[in-house]
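The two complexes that follow have subunit A in common; it is paired with subunit B in the first and with subunit C in the second.
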Partner chain A sequence: MVLDLLASGLVFSSIIVLGSIGLSLIYSIANFANFAHGDTMTVGAYAAFVTFGAVGGLGFGILGLPLGFFVALLVGIVAAAVVAVVTEKIVYDGMNAGSIELLITSIGIAFIYRAIIQMGFGADFTRFDVQTLRPIEALLPYGVRVTLHDVAIVVSAIILVGSLHALLQYTDLGRKMRAMADNPDLARVSGIRTDRVKLWTWIIGAGLAGSGGVFLGLYNQLSPRMGFNLLLLIFAAVILGGIGSVYGAMLGGFLIGVINQLTPVLSDIRFLTEMGAMLPLVPDSFGIVIGIEYANAIAFVIMVAVLLVRPNGIAGEAV
Partner chain B sequence: MTEPVLELTHVDSGYGEVQVLDDLTLHLNPEEIVCLIGPNGAGKSTVLKTAFGMLTPWEGSVTYHGDEIGGMAPEDIVREGIGYVPQTDNVFGSLTIEENLRMGGVARESGLDDVIDRLYERFPLLDEKRSANASTLSGGQRQVLAFARALVMEPDVLLIDEPSAGLAPNTADEVFGHVQAVNDLETAILMVEQNATKGLGISDRGYVLDQGTVRFEDEASALLDNDDVSKLYLGG
Partner chain C sequence: MGVLSDPKGYWADLTRAERGVVASVVAFAVLLLAGLLTGALSPTYFLFLVGIAGMYALLSFGLNSQWGFSGLINFSVAAFFGIGAYGTALMSADSSPIAGGYLPIVGLFVALAVAGVLALAIGIPTLRLRADYLAIASLGLAEVVRLVVLNERQLTNGSAGVRGIPQFFEGWPVLATLPQQMPGLVVRPFPGTELVLETPFWGALLNVAVVVAFVGVSYGILRRAHRSPWGRVLRTIRADEDLARALGKNTYAFKMQSFVLGSLIMALAGVFYAHLNLFVSPGDLDPVTTFYVWVAVILGGSGSNRGALFGGVVIVTIREGTRFLSGLSEFVLDLGVVALQFDLSFISSNVAPLRFLLIGVLIVVLMRYRPQGMLPPQRELIWPSVVDDPPSKLESGVRGVKAGESDE
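Here is the complex of A and B:
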């Protein structure tokens, strides 16, 4: 069972990581916690949903997904990026406000995105019109039940995260992004056109969020609240990894995703307490069963525990 | 008489509502080192920030080679030929030495590799640590990297904010040696320095600032010998 949970943890992690990177990038470069980030994922998912409905399968498929789905994925990424950039230009950039004001504004923006989607598609769940797949036969003997779609999500996330890594390390734009995240004042002093770098950051961060939304829709289903429901976990991932560190966000996203999916393991554990044996009215074996409804809470408990040891997160600078 | 490269004329400036500079006038001639000294809060760093576009002058003008640059953005002023070395946080700690130097040259149109190679020759300690993160450098080494980053643009004016801040005395001496070496490249330097005696010691001229305006200006050696300056500002 643990292997199966680890596998689904990996798939869920892929989605969390795609969301975490953008939240962290925008936090470090635009300097505020963007509460509309989860709903940006929803925008991507629905844009892909509409596109997939329009273009259909387009013939041959890869990893159990028709080519049309990948076209829809691309549109979802672009739509999320465009919506985020337009919002940045019209709302955030024009406000000339501090990070708290921007944070609160972004909560409002999140409501607007969600309301518009709900007006267009209703509040009900819906799904991508792709064939439901059976788990991969070869993995069943190991107790692992994953479909080719799950594999597609993980592979796509690895490609996207790998591309981002290459961009950050080996391109001029990537170095400027890291420089600006490190020290925005020094970036300007060095002659970096920070406005342009910021714009690219929105495009990349929101684009990745859009892809995460599409995969979340494929993994689960689509609903206007899908992204928002994931936002707290994404925040936990970013904080766990170290706010403002992109690589920390990747690591944090991975850990939070896996921990979240591993929670069912805890429902089997019984803690034997010495207290129980010593006290007259308490049974010798004193069990605590943690149900999966606590999955998010567990992820947060672990986040808090890590922050007690490393207050700036795993990848954050030591204090 | 030579025309100044950088000139602040009757400048008022400050942060938000708080005025720091009050009718301040000073200039920097080609190839000279000028040191700004004065008590804390006199506005020394504010002069550099106003000259470099991080603050917009409320009144008065800032000119570079006779052209007005007051209120221009720092990223544009860099392209004009002025460099700035902040007092603190003056390197990108999470970037390598090489990347720090590349960031210093983002505004260059050509010759970036050549100028970085020359800087490695001039500062061998950077050459040895090209691919190390800047956060691994000691305080004095960071200061050298901060100079080098600003020099990638080959500016003819370099503004340096307290190069010796937080450094041990012998490390500070090394850093002052680097300031002189940079000046030998025909770069004029306007420097703020807390350690007035050492700062003036390597300078051609100096200004004593107090409460946002110039109290004394003279040859550096004359300021060091001036009884009033020494009694009021040099702790002697």
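Here is the complex of A and C:
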């Protein structure tokens, strides 16, 4: 069972990682906690949903997904990036406000995105019109139930994250972004056009979020609240990894995703459920059962604990 | 300087924003009165709205004492509201799985005690954090509280909620049965309209009395507290925490006190809500309540209690006013020659997202163009006597010295 949970943890972490990289990039370069990031994911998911409905399957498929789905994925990424850039240009850019004011503004933006999506598509759950697959036969003997779609999510996430790594390490833009995340003032005096780098940060961050949203829709369902519901988990991942560190966000996203899916293991731990029988002066029936419904709560508690003990995250420098 | 003794002077003394707010409040009151007198708005529902507005005003006071005065970004308003509501509901309701059957006044104190403990539990780890971390952490912990209320069925009835909550005055000598004993009245303000005032009306009137008392007491306490030396330290912390620390203040302790005080007022709002609605469910802890209250505080003006009051009323207008939209289907504008017909089914079928859109746009527009809110704090932070009798010569003297034109 643990293997199966680990596998679904890997799939879920791929989605969290895609969201958390963008959030971390924007946090470090635009310098505020973007509460609209989750709803940017929703924008990407619904853009892909519309595109997929329009272009259809387009013949042959890869990993159980028709080619049209990948076209839709691309559209989702572009749509999320465009929406984010337009928002940045119209709203955040001219504000000249502190990070707190920007944070509160981004909540308003999140509401606007969600409201518009809900007006267009209703509050109900929808699904991508792809065939639901059976778990891969070869892995069933090990108790692992993953579908080809899950594999597609993980592979696509690895490709996207890998190309971001290449971009950050080997291109001019990547070096500028890292410089700016490190010290914006220093970056500016050394002649980096910080405005342009900031714009690219929004494009990359929101684009990755859009792809995360599309995969989330494929993994679960689409609903106007899907992104906002995931937002706190993504924050937990970013904080666990250390704000501003892209590689930390990857690691944090991976850990949060796996921990989230591993929650059923906790309710099986004998010590927790039979605490009363082991401790004196406590009724025998007493025990803490941490069920699957507390999966998110565990992540939030981890987040607060990390903020207290190591505010710079596991990948950041210790205080 | 009273409104009644010298209305002209009072008007002249107001800033432009204050005039706008006063004018719109008066216009809104006239509109409501007209609705009442013509029978378009039932008196009982009107009193319910007043109660809800008072509840939002309390929540805004609570948040204002945290964000407006000490600069704490608390995104767990809904959690404290819900704890207040559940605290009193579980003590007093028939269907309560743990206690139940106690007087609501016992529930009030239990709810406040639980909220105080929760405030300490959330505050101790989070108040040392940077401002934006506090926002994320408090939102996360509020979600943990919501999940616990939703899932611990043996304690809270889970998603079924708690029913059978008594009225607030249950068990009091006279007030408990007052609504039943009051005679039914029929008022005819105009020929043709008829207002029937019966038991529900008197019950609602009692609820309004409760919330007015709560709001009045909280307003008085906050007003006094924020003008005291304690309040000045809080404002210093908001402006510059390092400065407050350099002056020898234990900023963590001050922030904690402010956080607990605000949380208690939020819980008070929850207690009132439980005895108004007579039913609580985990849906009442939805984070969207938190953002409603934030809008109220930002709209009113961070740090301003009368602004918070104003913001609370506006939020209720948005929340309840959009309900009327769901009844619309089409709107015909008859210009005599041509009749314009608007299809409004899009609006009526999209009330919930429209409300979201309105709230979102309100937040963005406010933060972009008027971050200080409609009624930013001005005179209310200073003792009135200081403003009313300004030392007449001081200002020019100070200016002279500043410009280096001293007499010597």
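One rule holds in what follows: the second predicted complex is superposed on the first by the 296 of 319 C-alpha atoms of A that agree within 3 Å, B and C clash if a C-alpha of one lies under 4 Å from a C-alpha of the other, contacts with A are read in each partner's own complex, and residues count from 1 in each chain.
The rule is short, and it goes like this: contacts are C-beta pairs under 8 Å (C-beta built on N, C-alpha and C of every residue); 3 or more make two chains touch, one makes a residue touch a chain.
Please read all numbers here as calculations on a predicted model, not as lab measurements.
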Which holds for A:293: it touches subunit B only (first), subunit C only (second), both, or neither?
second
Using the superposition described at the top, determine whether subunit B or subunit C touches more residues of subunit A.
C
Return first, second, both or neither, reflecting whether A:219 touches subunit B, subunit C, both chains, or no partner chain.
neither
Thinking of the overlay built on chain A, is A:175 touched by subunit B (first), by subunit C (second), by both, or by neither?
first
In the superposed arrangement, does A:194 touch subunit B (first), subunit C (second), both or neither?
first
Classify the contacts of A:186 with the two partner chains as first (subunit B alone), second (subunit C alone), both, or neither.
first
I'd like to know which partner A:123 touches here: subunit B for first, subunit C for second, both or neither.
second
Check subunit A for residues that touch subunit B in one structure and subunit C in the other, and list them.
none
Contact set on subunit A toward subunit C in their complex:
32-33, 91, 94-95, 97, 99-101, 103-105, 107-112, 114-116, 118-119, 123, 224, 232, 235-236, 239, 291, 293-294, 296-297, 300-301, 303-304, 307-308, 311
Subunit A residues touching subunit B - in the complex, by the definition given at the top
172, 175-176, 178-179, 181-183, 185-194
Within their complex, subunit C touches subunit A through residues 73, 125-126, 128-133, 135-137, 139-141, 143-144, 147-148, 150-151, 291, 294, 298, 350, 352-357, 359-364, 367-368, 371
Which of the residues in subunit B come into contact with subunit A in the complex?
52, 54, 73-75, 78-79, 84, 86, 89-95, 99, 102-104, 106-107, 149, 153
